[in-house]
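Both of the next two complexes hold subunit A, though its partner changes from subunit B to subunit C.
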Partner chain A sequence: MTNHWRDIKNADVILITGANPAEAQPVGFQWFMRAKLDPTKGPGKGGGAKIIHIDPRFSRTSAVSDLYVRIRPGTDIALYGGLMNYVLQHDLYPAEYVTNYTNASFIVKESYSFQGGLFSGYDVARREYNVKEWAYETGADGFAERDMTLKNPRCVLSLLKQHYSRYTPELVSTITGIPQDAFLNVAEIVGQMGKPDKVMTIVYAVGLTQHTTGTQMIRSGALLQLLLGNMGRPGGGMNAERGHANIQGNTDNAISWDLLPGYISVPMAGDETIDEYVKKHAPKKLDPRSWNYLGTNYKKFTVSLLKAWYGARATAANDFAFAYLPKPSANSSWLSIYDQALRGKMEGLMLSGMSAMSIGPDSNQILQALSNLKWLVVMDPFPTTSSEFWHAPGANAGSIQTEVFMLPATHWIEKDGSFVNSGRWMQWKDQVLQPQDQSMHDHWIIAELHARVKQLYVSHGGAYPGPILDLAMEYRNPVKPTLDEIAQEVNGKDLKTGERLATFAKLTDDGSTSSGDWIYAGSYPPKGNMAKRRNGVQDPKKNDPTGMGFFPEWAWSWPLNRRILYNRASADLDGKPWDPRRPGIVWNGSKWVGDVPDYPPTMSPHDPKAWLPFIMTGEGVGRIWAAALLVDGPFPEHYEPTESPVRNALHPAISTSPVVFFYDKAAGRLNRFGTPDEFPIVATTYRLTEHEHYVTQWVPHLVQLQPEAFVELPPGLAAERGIANGDYVNVRSKRGMMHCRALVSKRFGQVDLGGTKVWQIGIPIHWGYVGLAAELYGSKSDHWLANVLTPFVGDANARTPETKAFLVQVEKA
Partner chain B sequence: MSSTISRQDFLKVAGIGIGAVGLSELGFDVAQATMVQQQLHIAGATESHSVCPYCAVGCSLIAYTRTQADGSVQLLQIEGDPDSPVNEGRLCPKGATAMQLAVSKRRVGQPMFRAAGGTQWQTISWDDALNRIAQHIKDSRDRTFVTTDAKGKRVNRTDGIAFAGGATFSNEEGYLAAKVMRSLGLVYLEQQARV
Partner chain C sequence: MADQVGFFTDTSVCIGCKACEVACKEWNGLAGDPPEFRDSFDNTGQLDAENWRHVKFIDLVPDAPTVVGNGQAWLLMSDICKHCEHASCMEVCPTNAIIKTEFDTVFIQPDVCNGCRNCISACPYAAIGFSKDTGVVHKCTFCYDRLQNDLTPACAKACPTQSIQFGKLDDLRTRADARVAALQAQGYSQAQLYGRDDKIYGGLHAFFLLMAKPEVYNLPNEQNAGLPRRNNRGGYLGALFAAAIGVIAGAVALRRGAQDSPNDRGAGEAEKK
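And now, the complex of A and B:
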């Protein structure tokens, strides 16, 4: 989230797409309801914030929304494109913000074009774009050319108008299935949110993420927010509602193939030295008034990380052990892991708190991948569908040669450490209980494995042992590090004085500082662990001095305890808040006050050299245009899901994303995608309040509340197929079958795609062949894994699987 | 302000609404009775602070424990922390039953091992399991280690081992996992945010 949970109370309009917070994050949803019930909020004269819910399923979120609109999954870019077109056509965007705070004025090279569904630079054989064709026009000084009048036909605003002029209400309706009048009702409300005294927040979850166009889908929402001047403002922003306790923190700390801690790039093959790596990956300064904070300090963050990992072994003479960092040559993401296993190239897999069999996609193919491994380690408190995959229904244990280890790991409550919530709040928790039975902490298991592998290399030698032997495990007990010690390492210190750092501004690139994750520098300064702070609503006047809900002394928020990212954009060019009732930061004549400024604290907005507002980007402003950041286009464009009931109404010849990677095809495996003649129904997966992914299958009360797998069908479809509520049904995709009960409900329905009528159904993901319900239902649980149905294909950029829009057939069992 | 006082205030507020219903339908105040029962349940208990292990709202929890005569610690109750600006004491059905996740007879009690082609689990000691996995890591690493890739670029990685996990890893566990796995040469390193 650019903002945070409590901040949603500050919004006038809450636009929810690809999310169902009332059920998935019910306690966070209280802040939505408080906005709705606050008469000072809302469009026009107020009367309460308007909640707009756009989703394939009518849920409890829809029930309390002011507008519910049913959409076909996988078409949100068409929706957002249509909304941008409406705002542009009706001239509803705030000129001062768009001109000065976004790259609307930047001039794009003449090599850019968009025709027939393809951006310029497309290589048909490689299915790749040459993204350099989308670069800015630059001058001799290397800075981008700009036209502050926004009249240049190749400035970003002109190109934006041109690109989305195709997204008419009629076409939006044909693609999304949203009736034109319903779309215009939404557009009329959203269109008011470009006024300075109004603000809208966009809330999304994996309903936007899990598509072959997921990155661009989220980006299309962010573009609308920039166009309306809502980024950086209280009550605004682009807010991902994450579904796992520390999914945010573990992204920040980079258990991710493409990242190092703090969102710096993983070094790739060809990055031979730190300087080459920084030159290739650090953002470039594109305007004389851009601070380009990340780009300018990239090397400091990299060297300080290597000092945290390799200590005294990382020296200027050895390029701070940069050679020790492993460098991928190709995509190494979740899908790639199983693809490599299917190709027989992956020998071992360690899973902790994640079950590949349940998560999928295409669980039948995942089962084959796990069967191809030499060894599998599962670290979890409970058995999972992965620890038990070798005797899954239909599997022949005797023929599966994978050695499997089930290591009982401790629960969150048996250790301390911090969780970082969706709003970037780092909250420390106590160790409440001792580990149950023989359970061991995950970090001790990992430290033990390091120590034992290291000993094997010391005794026997082997391939390139340096990075293992030299790793700094400088904890009081190297095989039993405390989480407090690690939190201090993550924060970082001045290596000359030994003192912990209070800010990343003190990091250096000469090896005199360390920090395991620069965005956490300041979380554990000399005065102590900030994440333990507990000054909350027991005294709101004292603990929330601005009244905006920042609660600066409750826990800690990265970076630097800032509660709203990009908050310089919450104030106008003079430093005054766009809406005085909802200030983010304010220039008081000598400094910025309010939230922790995302800006130099004493830089006057009247200084002719004052930095532009978005200090982290090379442009210095928010990016409506993505010059070279994404592989599939500088603007979001609607492409159909890989499995779709219709051709793309914008450009039927280029129907799906032209740059999506097809694993099975590349590896020579059989086609596993279905077509609408055989599988005419659109399916989407979803989650229930009473379960969290798969672990709650072991919680008796929750299994009692939601005991049995089901699929949700609209009454019309059920009637067509002779299915009554509660009947057992078979749901098939090209990849597999689910057998479970049907819940017939009006929450799902049919969409009309310009005359083509398509049924949509929903499948909760929580069940499988392991857990209390599986034991209770016996062989009836054999075909409960929802992800046997989902396709083995991912987003063009992130390779996140397309589990939210695929084709199935349904029949009475 | 101690969290005990604020907790009582919270219950008082909660009791007004629910109590009215209880009185009208059952003839006595259910909320009041529940409050008294809960207070007896946690009287003199140790209060600890935790955070809900499920979604990323980050609701603060108060865990009540009591040390038994044999020195073991018993978890009595988990409830929402009224001081939190995130949840203000509220919990959803998952958070409210977090105690059943924390303490369960169904947890795996000791390390288990399934041999290649085996049809059942065998118990294994921690020492044996960790040694055996360490040997697997070394063997797979040595077999699949790539110093320079096909284009002659220095890559120093192992292509034969992957690690995935950690949405309930604390920040600090996750950081250590990434650090150690990269030191082993892993590039196939993923977590829940991807899927």
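And now, the complex of A and C:
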């Protein structure tokens, strides 16, 4: 989240797309209800914030929303494009913000164009764009050219208007299935949110992420927020609601294959030295008033990370052991891992904190991938669908040669450590129970494994021993590091004095500082572990002095305990808040007060050299235009899901994303995508409040609440297929079949796509062949996973699987 | 006597998460019923000896591409023993196992209950269940043990949206009045308080804000909220009178029967209402 949970109470409109927070984040949902029950909030004259929920399913979030709107899954870019078009056509955007705080004024090169569904620079054979064709015009000084009048036909605002002028209410309706009048109703409310005294938050989750256009889908919401001047403001922002207690912490600490801790790039093949790497990956300064904080300090963060990992073995003489970092030459994302296993190119796999079988798309294909391995290690507190993958429906246990090692790991309640919530708050927790039997903490298993491999290197030698032998394990017990020690290491220290750092501003690139993740520098300063702080609602006056819900002494929020990212944009050019009732930071004449400023604390807004407000970007402003950041376009464009019931209404010839990677085709495997003639129904997957992913299949009270897999389908479709509520049905996609109960409800329905009527259904994900529910009837192998239906294809940028929109057929079993 | 306490359950902000159900079971050591797939998101089914909170899901969602939610399309209501001021269960309990506590809540003393189950028949809300394991009846205790230790009952503590509010009964009534006025001002004319005043069993200590008529939630309305009595002289006289009328009516019907169809279902339906 750019903002945080409690901040949602500050919003006038809460627009929820691709998310179901009442069910997936019920505790955080209290802040939505606070806004709704607060008469000072809301569009127009107030009377309470308006919650608008746009989703394929009428869920428990919709039940308390002011307005529910049914949408076809995978079409949110059309929705956001249409909303932007409405705002632009009706001149509803705040000119001061858009001109000065976004790259609306930046001039784009003549080489850019968009025609027939393709951006310029497309290479048909490689299915790739040359993203350089979307660059800014630059002057001799290397800075981007700008037109502050926003009149230049090649400035970003002009291109934005041109690009989204195609997204008329009629076209939005044809693509999304949202009736025109409903769309205009939403647009009218959203359109009011560009006024300084109004603010909207957008809330989303993996309903936007898990598409072949997922990155751009999220970006389309962020663009609307920039256009409305809602980024950086309390009650605003683009807010990802994370699906697990610590998934934000995972993301911050390099869960993604292409990122090192703190969102700096994994070096790629060809990055021979740190300087080459920094030159290639660090953002470039594009305006004289851009601080370009990330780009300027990229090397400091990288060197300090290497010092945390390789300690004294990382020296200026050996380029701080930069050579030790793996430099992948090919995509190594989640899907790519299992693709490699399918190709027979992987020997073993270690799973920790997740079950590949449950979370991966196309379960039959993941099953084959695991069956191709020589060995599989599963670290988990419970048996999982991966540790017992041979129980899967259709698996022939006798023919699977994979050797499986189940290492019982401790549950989070059996260890201390931190959770980082969606709002970037790092909150320390205590160990509640002692570990049971021989279970070990995951980090102890890894540490012990490292120690044993290291010993083998010492005794037997081996190829490229440096990264193993030189890894610094400077803990009191190197095979049993405490999470407190790791938290200190992540924070980092001054290596000359040994003192822990209070801010990443102290990090250096000469090897005199260390930090395991620069954005966490300051979380554990000399005065102690900030994540343990608990000065909260027991004394709101003292602990929330601004009344905005920042609670600066409750736990700690990265970076530097800042509660709202980009908060310089919460104040106008003079440093006054856009809305005095909802200040983020305010210039008081000598310094910025309020939230921890995302800006130099004493830099006057009246200083002619004052930095631009978005200090992390090379442009110094928010990016409506993505010059070379994404592989699939500088603006989000609607492309159909890989499996879609219709051709793209914008450009039928280029219906799906032209740069999506097709694993099966590339590997010479058979086609696994269905067509609407055989699979005419649009399906999506989702979670229910009663379960937390798959792990709660071991909790009797929760299994009672939702004991059995089901598919939720509309009465009209059920009548067509002779299906009654509670019947067993078979749901089939090109990839597999799921046998489960039918739940017939009007909460799902039909969408009208410009005359083409399409049924939509939904499948909750929580069940499978392992857990208490799998024991309720039949044998384990009678209980397939919902992901048996989902396609093995991912987002063009992140390769996140497209599990939220695909085609199926349904019949009575 | 301590202050009267109550629950104010505001169904307009309930998200049906069932945290109340689970928190109740965890605190009170209830195992729950065997898992069973039912016909809705509700797989609990009813209040009984193992379920002292039960979220009702009443689906009035229209088949339409846009719907106004606001708690009135998919009615979600966390049901519970109402802790009636005039409690039917107490009226019929032959052993005086059912008492009013110092908090004016209704409590079944399991060591005094003889398992006769009169209370189950008498309770208009089907809030009491019989346990074969213990041989006696059980229902919500209002977390009597927590009240005695100045703790919020488990369900209210767990509720994430303040749909279940716990507090002094008078305070809750004030809050409820403000909330229902706000909803009505927003145009929700069906929003109404249930059991806030004494028209339903003398007032409910666990009272509700409903988004539709009580009948929609399968709750007795003011007209139907009649109290059973062990010494029900008026009732017996009424029954005698009704029986006499019945005999006469029966005789008339018999005579007419020769002319009319004997399968007169319409009349039966009308009588039920």
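We adopt the following convention: the second predicted complex is superposed on the first by the 809 of 813 C-alpha atoms of A that agree within 3 Å, B and C clash if a C-alpha of one lies under 4 Å from a C-alpha of the other, contacts with A are read in each partner's own complex, and residues count from 1 in each chain.
As a convention for this text, contacts are C-beta pairs under 8 Å (C-beta built on N, C-alpha and C of every residue); 3 or more make two chains touch, one makes a residue touch a chain.
Everything numeric here is computed off the predicted structure, so don't read it as measured data.
Three-chain overlay on subunit A, with subunit B and subunit C in a clash. By the touch criterion defined above, A:Asn292 lies against neither subunit B nor subunit C after alignment on the C-alpha atoms of chain A. Once chain A of one complex is fitted onto chain A of the other, the partner contacts of A:Gly270 are limited to subunit B, with no touch recorded for subunit C. Using the contact criterion defined above for the overlaid structures, shared-chain residue A:Thr689 touches subunit B and also reaches subunit C. By the touch criterion defined above, A:Thr61 reaches subunit C but does not reach subunit B. Once the two complexes are laid over each other on the shared chain, residue contacts for A:Glu241 go to subunit B alone; subunit C is not touched. Look at A:Ser570: by the touch rule set out above, it reaches neither subunit B nor subunit C.
Looking at the shared chain after the overlay, A:Leu702 reaches both subunit B and subunit C.
Judged by the touch definition given at the top, the superposed model places A:Pro26 against both subunit B and subunit C. In the overlay built on the shared chain, the residue A:Asn103 is in contact with neither subunit B nor subunit C.
Counted by residues of subunit A touched, the larger count belongs to B, out of subunit B and subunit C. None of the stretches 25-33, 61-69 or 79-87 of subunit C clash with subunit B in the superposition except 79-87. Comparing the two complexes, residues 26-27, 30, 689-690, 700-702, 705, 772 of subunit A contact subunit B in one case and subunit C in the other.
Those residues of subunit A whose C-beta lies close enough to touch subunit C in the complex are 22-23, 26-27, 29-30, 33, 36-37, 39, 47-48, 51, 53, 58, 60-70, 177-179, 182, 185, 688-690, 700-708, 710, 714-716, 725-726, 741, 743, 745-747, 749, 751-752, 772-773, 776.
Within the complex formed with subunit A, the residues of subunit C that make contact are 12-19, 21-22, 25-26, 31-37, 39-41, 43-44, 59, 61-71, 73-74, 76, 160-162, 182, 185-186. Across the interface of their complex, subunit A is touched by residues 1, 3, 6, 48-61, 63, 65, 72-73, 75, 80, 82-88, 90-95, 97-98, 100-104, 106-119, 121, 124, 126, 129-138, 140-145, 147, 149-151, 153-195 of subunit B.
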